[in-house]
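Have a look at the structure that comes next, please.
For reference, chains read A, B, C, D and E in written order, and residue numbers begin at 1 within each chain.
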Amino acid sequence: MIDFFLLFFLVISAIFAVTTRDILSSVIVLGSYSLVMAVLWTRFNSVDVAFTEAAVGAGITTFLLIAALSRTLRIEEEPEIRESVFPLFQRLKNLLPLFVVLATGAVLVYSTLDMPSFGDPKAPANLHVAPYYIEKSVPETGVVNFVTAILASYRGYDTLGEVTVIFTAGICVILLIRRRKR
Amino acid sequence: MMIELIQGKYVYWFYITLMMIGFYAMIAKGNLIKKIIGLNIFQTAVFLFYISIAVSEGSTAPIMLAESYGSLDAGTVTYTNPLPHVLILTAIVVGVSVTAVALALVIRIYKTYGTIDEDRIARLEQESP
Amino acid sequence: MKELIIIRVVARLMIPFIQLFALYVIAHGELGPGGGFQGGVILGASFILHVLAFGLEESRRRLSEKVTDLLNPAGLLLFAGIGLICLIGGGMYLEYDRLPVTANPILASQLGIYGIEIGVGITVAAIMVTLFFEMAHRHDD
Amino acid sequence: MMETLHSPLPLYAVTVSLLAALLIGFSGRKPNLREFWTVSAAVVKFLLILGMLLPVLQGKVIEYSLFSVVPGLEIRFKVDALGIFFGVTASFLWIITSFYSIGYVRALKEHAQTRYFICFAVALSATMGVAFSANMFTTFIFYEIITFCTFPLVAHKQTAEAFSGARRYLTYLLGTSIAFQLAALFLVYFTAGSLDFAAQGILAGTGSKTLLTVIFVLFIAGITKAAMMPFHSWLPAAMVAPTPVSALLHAVAVVKTGVFVVVRVVLHIFGVDLLAELGLGTALAYFASFTIIAASIIALRQDNLKALLAYSTVGQLSYIILGAALLTPAAIMGSVMHIVLHAAGKITLFFTAGAIYVAAHKTKVSELGGIGRKMPFTMIAFSVGALSMIGVPPLGGFISKWYLTLGAREAGQMPIVAVIVVSTILNACYFLPIIHAAFFKEPSPPGGHGEGHSHKAWPWEKTRYDEAPILMVCALCLTALVTLILFFAPSVFFDLAKMIAEG
Amino acid sequence: MSEHLPILVVLIPLFCALLIFLAGVFQKRAAWAIASLATFLAFAASVKLLALATAGGRISYRLGGWEPPWGIEYVVDYLSGYVLTIISFIAFMIAVFSRDYVKKQVGLDREVNFYAIYLLLITGLLGMIVTGDIFNLYVFLEIASLAGYALVAVGKKKGAIVASYNYLILGTIGAVFVLLGIGHLYMVTGTLNMADLRGLLPGLYHSKVVLTAFAFFVIGFGLKFALFPLHTWLLSAHSLAPSAVSSILAAAVLKVNVYALIRVMFTVYTPEFIYNVVPLAEIFFIIAPVAILAGSIMAIAQTNIKRMLAYSSIGQIGYITLGLALANETALTGSLIHILNHALMKGGLFLIAGCIIYQTDIYDISRLKGMGRKMPVTMAAFTICGLSMIGVPLTVGFISKWYLALGVLEAGRWYFIPLILVSSLLTAVYFWRVIEWAYFHKAASEEALPGRKIAEAPVLMLIPIGIIALFCLIFGTAAFIPEEFARRAAEFLLGGI
């Protein structure tokens, strides 16, 4: 039941974050969204991810967004009214995103019908590869935190990729906005 | 029947809802930072999906309990499937990286155009390409 | 001006603890929740706090651009390098058991994992700081 | 089955003028050296081809396989009777033309002469490529090369008019060849699994009747160089080119390539029997005869000399197609003979047109009154060519028309016979007036040069000639002579044609 | 050492990127040299790998020494070997080209980071090609994407940043869709290894989850390689980025994403699934022709040379998808060859545009009059690549059209033949226009060419162009070389593993 309320809160905050015109407050709300998400995930037994989400989603992302806001505009600009040549076409164009979103949503909902129900221990995802890690990771890697074991050893290469990604992001930002040395 | 359908699926439906909210913001909002906020919601929703794959009733967090350290096997306790957690750890990092780059671009755009509203930028582009 | 002083005092008190905690998180990754990434983020956050309290110039004096620029790739280099060393040990890439440091594969693998966690920590922390510095800095050119 | 020799001779025959093109490009600074390359290449090429002529006459076939692009698409050369026939014609006339063009471009001080000669050389090697190619793929490649490298020649003047003409030229030739001919290639390869030319064709008994018909139509529509109506209008448009270009390319190389490929397709892709069975031959024959009549009628109404010649070319080309389409040995002989005979005659006519332009700067038929007095040699040559076109013995043109008529009768196509007769009359109608005007009319007052229009002078009366440069005059007299000789001694071509007709 | 090649081919660029960045802190000259060296080594390694794969079949490399379903696996087979070679070759060419170009068009102060990111982009692309693990594919996809966004943004024109931003948003949507697809597959199979998935999926082909996953893969990768209705980002991104970047984006990034889709279609799912279970072919039969025609027609309408090239890319992608949809070996071979020759031609053409812009700042094709004399080598290369685009025989462009056409006939869908031919004609229109202007028109008065005398670009820019143009001809005449590899790959894809 708690999960339900948490999820509900998530939806509310998401909607607020998207709709409010004051971007700063929507950033703050986004931060709380991430925190609640983290709480939810602890309830889903994924402590590491929760930890990370709290640190990144609520922490770093918020920092970055605020930093960016401080250099741009805090208040969302009013959409300017441009009379278009084909008003009807324009209206359709405005509706297009909604259609796209609803279509995607419909497909996803459709797919849930065949999904193993939530929290089912017998779900294939929990049966095929995962058990191996739980049995073997300690004897094979000597690491008792399975997540770390997989992260660093079994799928260590993904982690290398992950670090490369954030490194790339770092250089990209430097390339994009580092002030030129004269 | 209906009940257990809902019980079994409601988390998925929530993640879909969240994802759609973010998605909409990404493609419909005119403000570039709003798009990025949408992007974060969008991605987090997908992470939620992954995490909810891993959940299984009556399991504990995927860290071997102290009592079973000695005997090098999992013992009787069932642990939550750790693999999706790993994937999402990676995905979160990717998410923040993308956000960072996007924000850097937005800062540049604001410096160049003095606005972060799509339509205004488009107009400025038309006026002086 | 007063509250700024308060903030600075508090910050000066807190930052060492935060950083200590960060290191703990990095090291503790094998036993409990946490690991290089989370630790790195917290470490980065501690510097960000420093910036918030003392301002960019001051923190830049503490942690110059050159240093972060060197640390950015350093961690990744450590990570990828450990992988290569495994090749020398006759293993596959990132096969820590073959690290030519000890005969005991478990120990080797644990060492390897520590190594890469540290690598991850360094790069993540450095990048986080870089990102924040670059974003927060007013570019008046 | 006739025996095959393997020898790189065809390759050399093709590449010699490519080589020349390079040398010409390098010696662009020194005109004499440059022209030397052109001429020597022409001569060497001709000799090489003569070298291949003998074995072919003994019923051998020379093959040379260069390489295969991918399995099934091979660049291969094969010299058979038809190929050598075309090869000899084109290469011989190139020799004459090179002299002629040298005279022409120097007399008019044309710009970009080096580019002009390079393109000329490349066009010739591509023509040889078409003549000697052993499969449709090779043919297609060289066909396209001709199109591309003649574009600069047509656009040579680089005036707006020249460009629009050239662009139409390119649009028609490239457009149709990609849109239709390439499609035909796809279909042929898909149905027959090969593109090689074979004595009895390769499509017999492969695809359905409709499919084969479609392929045939695509081919005919795709080989626009044959200037069949309604795809003829590029040819008059291409008359913006300098006259030697029109002469060689639009009397010999380009257009003859067109009809040559048509004949190839008819004989060696489809094969006489298959076409007869499909009844497509007759259809094509009537199509061609429509072109013949229509073109001649249009020609009647032309005042620009080159345009007139262009339309007469359109008509004459369709004779060749007509002959091939009738599918009877005699008709095929006629059509093949017409390749060389029309070439000789028409090139003479173009040469004279060029000569008139160079010497008297006249392009209109109506201005040619009395020109025969100033340029007797030119105009005599002109008359020879014209009469040969009409088909008056003792001139080459007669032979081919004779065989065509025979063929038509063999095929029991009386209407076709009628067509030939009518078109002959029409030809006469648009050529004879010019000849008459040239010799027996007063020069038109404004255009006339000085004396001669005071009292009625007879052609044998002494007047000052002002002919074109000697090189040109020699060239055109030579070709005129050729048309004459071909009537009395057609033996070589005759034998070849017989071989082709009997397959 | 050669058993470690699969991983080394990815690590070389990675380490060199780090090296460049480290070295860059102190001295900046080395960057270009390191980048070229790295890409060259990667190319050499790929060639060796291709040879090994051709000789010995599928090469598998177990990262961390863990067995496939549990650890990550690298796979080099006919397909990945083939694509690997193409991409690393183009990357090498462009790296060489960049030396002078980047100095002028990007700026010295950004040179170091430019090359570092360039190498990271290559790392990502090569990683995507060789990986046999579907989540690993996603990770490297993101590396490549991030690098790509940043590279677009360094364009001189101010619109470049906006283009990059839109590219980022749509690209991320694509990537997240792929992530969703992976999640769905994992949910019902519990594995991430491609080969393992292939084994587990057939039972589930009619599960809604698997179908949805496939849809998301197609849309996700489609967004990344500008599948027709999803192509909007491509135009500005490719036309406003620096030409060297446009070149790598068009030649490598698009291709690798196409490859990723092919990989998923044929080796995670099976031909049986994509042709019989889902209506993918039917959809592509509608999309591809529209893309081909729209791309060519819009290209004709352009006056900016880079926009013209960008539009033509959309059409060319259409060809590739058409080949995928036809479901027979010949057509698939055509598609794969087209991947090669579009990489060559479009890569080359963008570099050529780069040369012209570098020397003259001319974007407007109507101002290229008389350029044939001023920049003979450049325009010669342009002509060759252009003819190859049109599909003139003896250029590599003809070969792929040939196979596509035969494939079309084999599939009994003759009505695509006119499509292919018409689009060739349209292509001819917009390339011939430029060629004619460049060669047969007198240069417009000097106002068209402000101030200085126009000459050839620096030799280091000409060499790559020359080589690429040369390859357009070599692979057009000795086409049996690419045809051999492409056909093997096609057989392997349709025949399964």
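We adopt the following convention: contacts are C-beta pairs under 8 Å (C-beta built on N, C-alpha and C of every residue); 3 or more make two chains touch, one makes a residue touch a chain.
All values reported here derive from a predicted model rather than from experimental measurement.
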Touching chain sets, computed without subunit D: one piece
By count of C-beta pairs in contact, the leading pair of chains: A-B
Innermost chain by mean C-alpha position: E
Chain of greatest Cα-centre distance to subunit E: D
Chain whose average C-alpha position is farthest from subunit C's own: D
Length of the line joining the C-alpha centres of subunit D and subunit E, rounded to whole Å: 46
Distance between chain centroids, defined by C-alpha means - subunit B, subunit E (Å): 29
Distance from subunit B to subunit A - Cα centre to Cα centre, in angstrom: 2
Separation of mean Cα positions, subunit C and subunit A [Å, integer]: 23
Residues of subunit B whose C-beta touches two or more other chains: 23, 27, 53, 61, 63, 83-84, 87, 89-90, 93-94, 97-98, 100-101, 103-108
Where subunit C touches two or more other chains, by residue: 31-33, 37, 69, 72-73, 76, 80, 83, 93-94, 96, 124, 131, 134-135, 139
Overlap residues in subunit E, where contacts from two or more other chains coincide: 14, 21, 63-64, 135, 139, 142, 146, 149-150, 153, 180, 186-187, 192
All pairs of touching chains, each written as two labels joined by a dash: A-B, A-C, A-E, B-C, B-E, C-E, D-E
List of subunit B residues in touch with subunit C within their complex: 61, 63, 89, 93, 100, 103-104, 107, 111
Complex contacts: residues of subunit A adjacent to subunit E: 107-108, 110-111, 113-116, 123-130, 132-133, 153-158, 161-162, 164-165, 167-169, 171-172, 174-176, 180-181
Subunit E contact footprint on subunit B (complex, rising order): 23, 26-27, 32, 35, 39, 42-43, 46, 49-50, 53, 83-84, 87, 90-91, 94, 97-98, 101-102, 105-106, 108-109, 112-113, 121, 125, 129
List of subunit E residues in touch with subunit B within their complex: 135, 139, 142, 146, 149-150, 153, 157-159, 161-162, 164-165, 168-169, 172-173, 176, 179-180, 183, 186-187, 192
Touching residues on subunit C, where the partner in the complex is subunit A: 29-35, 37-38, 41-42, 44-45, 48, 69, 72-73, 75-76, 79-80, 83, 93-94, 96, 106-107, 109-110, 112-113, 116-117, 119-120, 123-124, 126-128, 130-132, 134-139, 141
